[in-house]
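The following pair of complexes shares a single chain, chain A, combined with chain B in the former and chain C in the latter.
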Partner chain A sequence: MLKLEEFTQKRKLIPFIILLMLSLIPLFIKNEYILHLIILILLWSILGISWNLLGGYTGQVSFGHAAFFGVGAYTACLFYVKGGIPLWLGIIAAGISGALISIPIGAICFRLRGPYFALSVLALAEVLRLITLHWKSFTEGAVGILLIETIFSTKLGYYYFIIGIAIITIIIMAYLLQKRTGYYFRAIREDEDAAEALGIFTLRYKLFALIISAFFTGIMGAFFANYTNYIDPYIVFSIGDVSIAMVLIVVLGGIGTFWGPLIGATIVVLISEGFRSFFSTASLLIYGVLIVLVILFLPRGVVGSIQRKI
Partner chain B sequence: MDITILIQTIVSGILVGGLYALIGLGMTLIFGVMRIINLAHGEFLMVGMYICFWLFRLLGVDPYLSILISIPFLFLLGIILQRYLILPIIKANAPGENQILLTAGIGLILTNVALLLFSPNYYTVLTHYSNATILFGRISLSLPLLWDFIISFGITGILYYFIMKTDIGASIRAVAQNSDAAQLMGINIDRITIITFGIGAALVGAAGSLFMPIYYVFPAIGEIFTLKAFIVVVLGGMGSAIGALVGGLTLGVVETLGAAYISMSLKDGLGFLVFVLVLIFKPSGLVGKTRF
Partner chain C sequence: MILEVKGLTKNFGGLMAVKDINFYVQRGEILGLIGPNGAGKTTIFNMIGGFFKPTKGTVYFKGIDITKLSPPKICKLGITRTFQLVKPLSQLTVLENVMVGAFVRVKDPIEARKRAIKILEFTGQVDKKDMRAANLSHGDRKKLEISKALATQPELLLLDECMAGLNPHEVSDAIEIIKRIRESGVTLIVIEHVMKAIMSISDRIIVLNHGEKIMEGTPDQVAVNPEVIKAYLGERYARN
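Let's turn to the complex of A and B:
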């Protein structure tokens, strides 16, 4: 028993050890493609962790997180291109605007539960995409926004930047989840009515989870914009490439688990990139097949299935 | 504001709405019986449209005749998908989001198979009556659209008869009301859900054939119409067939009015706007779940 306690204490350090090891990698590996892969994995991990807070721990599955991703991306870019605000501040503003837009979205959608909620967020994300697409004077519409100058000019910069963001995200998530708030989230997930009956103000906590989730998703949107230099409404508000991808990553890894998003992100990024080099046109098809296979055979995700065996 | 144009726009909207209602009917039937939201619904429409197109292109079959092929084909497709992919996860009591993800995955597969087989080109079916119009007094209506509406109406009527007057229909209604009680009554709910999914798919496959003369097909069209189907169903009330009709007609009218008086490109956005308004003020839908 004592050994178990020791182990669980030390377990908390594992994510940071991994990130520490990751930060040492560039000293040995100069291959930019590998750095790119790691950046992608971390990007999707953070997205997965954010989604997981709302979907996995609070039980509110959203199929429209692209809304926050896109809002974040556009905030950072528009602040810079139209307002001259430096991209550093733009990233923080992106998180804030993601969080801000999540409030009305939550207010409307939290009236619904389960699959209705999931799809209503999707519909609102589509509304945001349409607004971005048609409000050409403000957002440049389908032309998109090209960033000539971005935060970093080397991949290495982005590499350490995202490791930093990952550390912050993990710390905040872990902190929240072990506090009372985290247990309120879990209570809402298990039985929302019972939670409400026990005196938990479910709407407030659902909104809280959503706001935090949207904040980090927005930051990732801005990161993405800086990393890839170009955004348009179809890319950042995409249902399939962003919203569904986030859900897939967490479900594959293990919804409601801490490690799920990280493992899911690793698997999905590696498989997508692997297939992209071999079958470029069929890659989306493989993606669809992957989704179906995961749901059929690994419904609890990788981590969930392992947990059940223990 | 010429009153003739207004009336014409509204009537066109109603005609298109009939088609939207048919699409929504399939989704609401599936949801009412199985509590599954079929995110591949638009892709079934796409399959129906491609069937119609290729029958026309290769064999010269008139789109309206191709309904006779697309209905059974999509019925089969629906049955197979339900039996082998969807039913297992319902039985395993998978969480709701897994079911949605599964149908999303199926939709992705269908879209990309179509992409690989048929290329991303837009295809249309042009018949001698594609651009024909018919005059009612001073109102000019598109003939194919009118036919679509009449046929949708007919199909809905047949469906109504089937659901209300046959034994299988009664079983479907029973499972929709309370699947446990239905099972206790001796109804084989697996068989019923399989049949229902098939019917839902067949309905939207028929809609595909009806849609071909007035629209165009390309692999990604599924996504747009899944969303439209969802709007129709939520507008009317999930699980309610009358709701699907009301929702479809509402969406059709709102879209055509928007296209005529505001802007062509924003008409999709208007549908969403109405959708959001309904969500805020009457989330159970305009008709609600009071009747099947």
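Let's turn to the complex of A and C:
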């Protein structure tokens, strides 16, 4: 019994040890492409962790998280380009606007049982994509927004920045999950009626999970905009490249597990980058094959399947 | 009177599931609620617990009108119900299941864990505390349903067929637990089909048939009542 508790205590430190090691890597490796890969892995890990909080732990599956990603990206860019607001502040504003836009959807759909939430977020993402596309005077439409100046001028800057965000995200996640909130999230996932009968205000907790999930997704949207210097409606509101990718990463890694999103992000980024070098259009095919393989052989994801064996 | 139900009616479209039900429960008593399947017993629990809104009627708990309140609010006020088709939190352990119940009264996970262990000791499930609920036997799931509910520290506990599918040993165990629950100061309404059990533990019994109350009395009175016998066994037995 004591051994198990010791082990779980030490286990909590592992993410930070990994991130510490990652922080030291640039001292030895100067190859910018490797830094780029790690940045991508961390970007998708944070996105995966955000989705997992709502979809994996609370059981509210979303196929439209691109809505929050895109809103975050455009908030940061438009604040800067139209309002002259520094990109630093834009990142926080991005998280807030992601969270704000999620509230009406949650407030309505979480009162209902069934697929309404999943479909509504998907619809929201599409509606936002279309609005952004056609409201040219405000958003530049399909031309997109090019950031001439961004937060950092070196890849190294973004590298440490995203490590920092990853640390904050993991701390918040771990904190919530070990408190009463984490138990309530999982109770809601398992059986909402049972949860209500045990005194849980399920609507409030579902909204809470959604707001946090949307907040971090929005922040990642703003990070992405700064890192790649350019956004347009097709990129940031994309169903396949953003919404479904987030689902794939978590499901592959292990839905509802702590490590799932990190493992899933690593696998998906490495595979798609690997294949991109060889055949670029096949990357979409790879996604499809991965999804089929996961459903057939690893429905609990990598981490989930290992946990099952223990 | 800890609970008072007045004129409680539930109409599902054209189906009158519960019609003009009136009863009360005294603090500290065990009220049995019996009747053939489809009589409306669980529907009444659903209405008391806030899962269904009555078509007509009111429910008073400790003098407060709780008719329109939500289930979590009602649980916080002191009424907890169990489900006939048990609802374990499958992927969580037995201990975690009970902790979820304890969390309605306490915020700290360490304190919740302590209380959960005490409850599991009370119901005799401590040895299984780290088992995932999904792996439990039927009898253990039924018991977990009670443990979860007890963790919420109810003043009034609604048990819905907690003995369904239990073997005789498990039934005796359940009767034992219910008696100890009453001794600890909790009032109970028990829906049950296991006649031997409900007759032995109830102070009073209400009999339902086709959504209406057909009789109310002590177990002895109910056992010989012709209407009750007719409802369960048919006209032939009643005439005798």
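Just so we're on the same page, the second predicted complex is superposed on the first by the 303 of 310 C-alpha atoms of A that agree within 3 Å, B and C clash if a C-alpha of one lies under 4 Å from a C-alpha of the other, contacts with A are read in each partner's own complex, and residues count from 1 in each chain.
Just so we're on the same page, a contact is a pair of C-beta atoms (placed from the backbone, for glycine too) under 8 Å apart; a residue touches a chain by one contact, two chains touch by 3 or more.
Keep in mind the model is a prediction, meaning the values are calculated, not measured.
In the superposed model, B is the one of chain B and chain C that contacts more residues of chain A. In the overlay built on the shared chain, the residue A:200 is in contact with chain C alone; chain B does not reach it. Contact with chain C, but none with chain B, is seen for A:186 once the two complexes are overlaid on the shared chain.
In the overlay built on the shared chain, the residue A:134 is in contact with chain B alone; chain C does not reach it. Of the two partner chains placed around the shared chain by superposition, chain C is the only one that A:178 touches, whereas chain B remains out of contact.
Legend: residue contacts after superposition of the two complexes on their common chain; A:123 is shown touching chain B, with no touch to chain C.
In the superposition on chain A, A:247 contacts chain B only, with no contact to chain C. Across the complex, chain A is touched by residues 49, 51, 70-72, 75-76, 80-83, 87-92, 96, 99-101, 103-104, 107-109, 112, 148-149, 151-152 of chain C. Contacts from chain A toward chain C in the complex involve residues 178-180, 183-184, 186-187, 189-191, 193-202, 256.
On the side of chain B, the complex with chain A involves touching residues 35, 37, 85, 88-89, 92, 94-102, 104-109, 111-113, 115-116, 223, 227, 230-231, 234, 238, 265-266, 268-269, 272-273, 275-276, 279-280, 283.
Of all residues in chain A, only 55, 61, 63, 108-109, 111-112, 114-116, 118-120, 122-124, 126-127, 130-131, 134, 239-240, 244, 247-248, 251, 255, 281-282, 284-285, 287-292, 295-296, 299 touch chain B in the complex they form.
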